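In the two complexes below, subunit A is the common chain; its partner is subunit B in one and subunit C in the other.
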Partner chain A sequence: MHLLSQKKWPILIGLAPAIIVYFLFAIIPIVISFYYSLMDWDGFTKMTFVGLANFKEVFNDPIFWQSLKNNLYVLAASVFGQVPIALFFALLLNRKLKGGKFFRTVGFMPVVISTVVISLVWGMMYNARIGLFNQFLKIIGLEQWAQNWLGDPKWAMVSVSITIIWQFVGLYLIIFLAALQNIPQEIYDASEIDGASGLKQTIYIVLPMIWDTIIVAVILCISGSLRTFDLIYVMTSGGPGHATEVMAMYMFDKTFSSTRYGYGSAISLCIFFFSLALIYISNLILRRKTV
Partner chain B sequence: MAQPAYQRNTNVSVQEGIEKKQKNVKKTFIYFILMIYALVNTYPIIWMVINSFKNNIEFSKKPFSLPEVWQFENYKTAWKTAHLDTYLLNSIIVSVSAVILTVFLGALASYFLARFSFKWGKYIYTFFTFGMLIPVHATLVPLFLLMKNLGLLNTHVGLILPYIAFNLPITIFILVSFMKSFPLDIEESAIMDGCGVFRIFWHIILPMTRPALATVVILNFINNWNEFSFALVLVNDESLKTLPLGLANFAGQFTTNYGAQMAGLTLAIIPTIIIYVLLEEHLVKGMTAGAVKG
Partner chain C sequence: MKKFRILSFLLVVMLLSLTACSGSSEQSSGKSSDDSEGKIELTFWNIWTDPSPQNKASLKQVEKFMKEHPNIVIKQQNIPHDQYKVKLKTQAAGKQLPDLIQVWPGAELKPLVDGGLVQPLDDIVSNWDSLITNKDYLKDYQISGKQYAIPANVTPTSVVYYDKDMLAKVGYNEFPKTYEEFKTLIKKLKDSGTIPIALGNKAQWVLQSSYISTIGDRLTGSDFLKSVLETGKKKFTDEKFIKAVGIIKELADMGAFNDDFNSIDNNQHRDLFISGDAAMMIDGAWSLGPVLEAAPNKHIGLALFPQVDGGLGDPTAVSAVTGTGIAINSELKGEKLKAAQEFLKAFYGEDYYKNLMKADILVPANIEPPADISPQLKEMAELTSKKIAPVYDATLPTEVTDIINAGLQEVTLGTMTPEQLAKKLQEAVDKQK
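== the complex of A and B ==
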């Protein structure tokens, strides 16, 4: 760039610590999981090489496919729940409203609270006996609608997904608001002169202008929903049965409850490649639409 | 058809009145919807705080009212029997050390990546930002094995290191884009004065980066404070558990004392809420940095 680039050694000294820590604890784990995924190992006895047997077992295990299905369920709930709700409230808040900042602050709040706390509180809200939802239904006289929200396989995934949507709507709300506020006022004025206002203006002028941001939000939703773990671990541990099993939960169970490190590494790699592939594909599909 | 002038005037003003009324109705409606949104967003937290002051009987009988007798006892129970003090201390040690190290190493690396041009700079930057795509859970098992081999399982260091590694990408991403915006001649005059590369970093670049540093510090702190998966896998020892891990544990043990459980959860989010309310702008900026440009 300029004068400073004459000497090389300070660059090396400056970058080395960050690179070493990042490489050792973020990159190397992925690399060594390739090695472990080919082994059968319980952590104590001798490791034995088993080739691709672990992967074969993963793909033949119906519980793995169930967990993948649930990940996709969370993904769909995030993309079709969080994004539209966030967009709706962002559009509402984008006008000059008194107290707009208050709603923004409140809207973003769940995003900063620890997932463990959220899971425990929502877990109690869903509690069949003393939970908020069933108590509320009782008070308004709809007791027959009460459910064992987390204990019933029919309802468990729905309940978990609602909590996930609640937790992250605020993130997308803020992202959309930032994008909306980047649209210059002249564009609104010009479109109004051309007769586009209200809903028409939103659909034909505003949405196309923030389309790129919507894509980013969808991709964040996808990668976020593949990371679902803490919430499931605390709320249901994957149960009842395997009704709310997700890939990370399945991996955790297989590795640490059954101490099968080789098998766990194989699942880790599947999660890794599956995430990258999904992000890549969604990027491809959504980008094409804009052209 | 020509209307008398006075009649036309009243027509206009009536119309204006109707429009104004419609606008008011619309505005009220918007506020109504927003209020519902705000209520849905905050009610779980409010519910938790209110019920943290109730005993079990009142909790199950009157879940929606304020407590009749405020049970401050619950907080004592949560604090003492649940080892919240230990968990809190561990969370502070781990989060603060990880934040300091991440931001220092990240800032130093960002300085060289943003202010110098060298052959590998671009690749190293891409290499770091790739980290934002790595699904954390894919690294849990190998990281556990790595820490086991290094003898770092059940230590603070064993938790701090992955926290640094996984927060470096976003830290560097934010800091590089900020540092790139400084004009070039800043360092040039300093060099004329005979300043070394690292002195320029410490005395000129770092102070200029202060706003972005604040964002990064807060973002890192909240990330580490709330982190659960690594702690779950890498720490087993009761005396080393961080707050989220301890809370998950504590809820399992005290399933019968709802009030104390809620009290524990309330205590745990107080620091987060304080930081959020005081430093909202920075925190929001940090958490949306990957998605929002400018």
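== the complex of A and C ==
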């Protein structure tokens, strides 16, 4: 301990490896992509400086706005789907339920399955001809409800969102359960003596106690849904048309398949600033509630 | 105190060595050494990793060359296809390409040429005059009149596979000759309860590569794309092109495809055809092998997309792309250049094309087919050897290809009209200039 109080430089040396790695792989790429975003470059021929033309094009690109809209859609589905459902099940599992461990494992299962596997399996279930959902609807006589889930632009985003919700509920379930189990038994006892039980206890005692965890979960949700890529890439690859295109995927396509590194970098910077803004806003909103 | 000094010193050393690693040891592949007893060493990248018959034949050809030319050493790097393309693009950006580079035609080759990374083969191209008699096959690897590689194989991307028995059931013993008749056939098949055409367009390139490349050619003729891209005399907004897109829309609207055609992929559509759920499929020559293997007892007929009224194109033309070309690095000079040219001459020899044909692969060379190739391959070779039309994604810049890929899907969904797609494509082409 005396070492730390005497000199500061050993601390710096200790931190250096982590900081260098962080700079190399996180900060410098952001700076480089800012540089690229001012260029017109296909990766083979010479770069030419085009100023802010790439950004201008991004803002006038209807597909980019469509992908942003889809990102927000995923975000809404995650925040208003994953978090409440996870919270509900966590509260349920927190009671001394018979087979609680079993349900907990089942709930967590989707999180550990590879996204590609999930996408392929759900893709089959959504299939219009032989898929589970349409077959089921047919059997119970609701054939008119059957849809071309992934093939119809009206339904594709809904279908994808349902899968995303299903995939991540387990993760938040575990986080909430851990938070709930941190609440001391005495508080429950005390509140019960004061006459609060059931719903009242949940709303006035339990939720405020785990509010910080909920904020963390919401922020995880937001950043997670802005990064959405793999699931949609495998399930629909952005189709039909651009109905399920999300920002990360559009950036990938523009950069590596259309080989427009400059334009792709401009898109990724937009994603970066947009995510920062969103997280900042959500922080503001949620913080106010805690007071 | 002393202990800590030593510790921190050690840390610094470790750190320095860590960061130093990334700096050095980075100039291998690109340049090569001419030493080792006057031997000439050529580096060569290709994608021949998996043991497919074509890859085996290619590797054998390299070995044979080295045996016959003991003074030349070909140092290969075999890289899987998808990684290869990424590696090529990144190494090209850093000007670290090998001496010999496997290249794909058209839009994939053009940036390499524009970047001055590969050199033309015009000095030696006459070597193949007697072997590749149909000059159409060389066009894919030509950029502004210069030849950059020699193709090893030809891949027609748009062949109609049909189940002879299922067509006979609805009264067709022969494949319809015109588009109007083809539509009647589709209606009859639909009424009989089968899927007329199996299609899996989830990845979006199928409608472009296997459909519009040939259907477009039927209407616009084979010079259309060149004229649009180079001289600008023709435009995507031409009525003929719009009509070609309209045909795809018409097929989708009349229910010619399985309902889920936008959510399954091309392997799944092949399964639909093999299982007998669908009577036809329009697919590239690459599906012939898998279909024959999975359904040896099926009576499969092969045909080209029928003639369309008012079209400018030749109804015997089929969109095809050539492949497995090898380009020479533009930095090669003198002795090494000679060695590289020698290698190409020996590599694309008659024996190589014969070996490929034996492996059920169509080749651009005009050679007598070996007696033991499968009858279906023979049929395919005859059907597709008359006239070659360009494939859209091998001709268009990648940016434009992306637009037509997504656009055709939207047209089939009704969220975009053929006119809108044509306009969008023309705008993208204009922007490239």
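Keep this in mind: the second predicted complex is superposed on the first by the 269 of 291 C-alpha atoms of A that agree within 3 Å, B and C clash if a C-alpha of one lies under 4 Å from a C-alpha of the other, contacts with A are read in each partner's own complex, and residues count from 1 in each chain.
Here is the rule we go by: a contact is a pair of C-beta atoms (placed from the backbone, for glycine too) under 8 Å apart; a residue touches a chain by one contact, two chains touch by 3 or more.
The shown structure was predicted, so the numbers you read here are calculated from the model rather than taken from an experiment.
Of the two partner chains placed around the shared chain by superposition, subunit B and subunit C are both touched by A:R129.
Of the two partner chains, subunit C is the only one touched by A:D253; subunit B is not. Using the contact criterion defined above for the overlaid structures, shared-chain residue A:V117 touches subunit B, although it does not reach subunit C.
When subunit B and subunit C are set side by side, the one touching more residues of subunit A is B.
When the two structures are aligned on the shared chain, A:P84 is found in touch with neither subunit B nor subunit C. Contacts of A:G51 after superposition: neither subunit B nor subunit C is touched. Of the two partner chains, subunit B and subunit C are each touched by A:P10. When the two complexes are overlaid on their common chain A, residue A:T236 makes contact with subunit C while staying clear of subunit B. After overlaying the two complexes on the shared chain, residue contacts for A:P208 are found with neither subunit B nor subunit C. Using the contact criterion defined above for the overlaid structures, shared-chain residue A:S223 touches subunit B, although it does not reach subunit C.
In the superposition on chain A, subunit A positions 3, 10, 14, 17, 43, 123, 129, 256 are in contact with subunit B in one complex as well as with subunit C in the other.
Interface residues of subunit A, counted against subunit C in their complex, comprise 3, 9-10, 13-14, 16-17, 20, 42-46, 123, 126-129, 148-153, 236-243, 253, 256-260. Every residue of subunit B that touches subunit A in the complex is listed here, in rising order: 30-31, 33-34, 37-38, 40-42, 44-45, 47-48, 59-60, 63-64, 105-106, 108-109, 111-113, 115-118, 124, 128, 131, 133-146, 148, 161-162, 164-166, 168-169, 172, 184, 187-188, 191, 196-198, 200-201, 222, 225-226, 228-229, 232-233, 243-245, 247-248, 251, 258, 261-262, 265, 268-269, 272-273, 275-277, 280, 283-284, 287-288, 290-292, 294. If you check the complex, the residues on subunit A that touch subunit B are 1-5, 7-8, 10-11, 14-15, 17-19, 21-22, 24-30, 32-33, 36, 43, 89, 92-93, 95, 97, 102-103, 105-118, 120-125, 129-130, 132, 135-136, 139, 166, 170-171, 174-175, 178-179, 182, 213, 216-217, 220, 223, 226-227, 229-230, 233-234, 247-248, 251-252, 255-256, 261, 264-265, 267-269, 271-272, 275-276, 279. In the complex of the two chains, the subunit C residues touching subunit A come out as 4, 8, 11-12, 15, 18-19, 86, 89-90, 92-93, 111-112, 114-115, 117, 202-204, 258-264, 398-399, 402, 406-407, 409-410, 413, 415-416.
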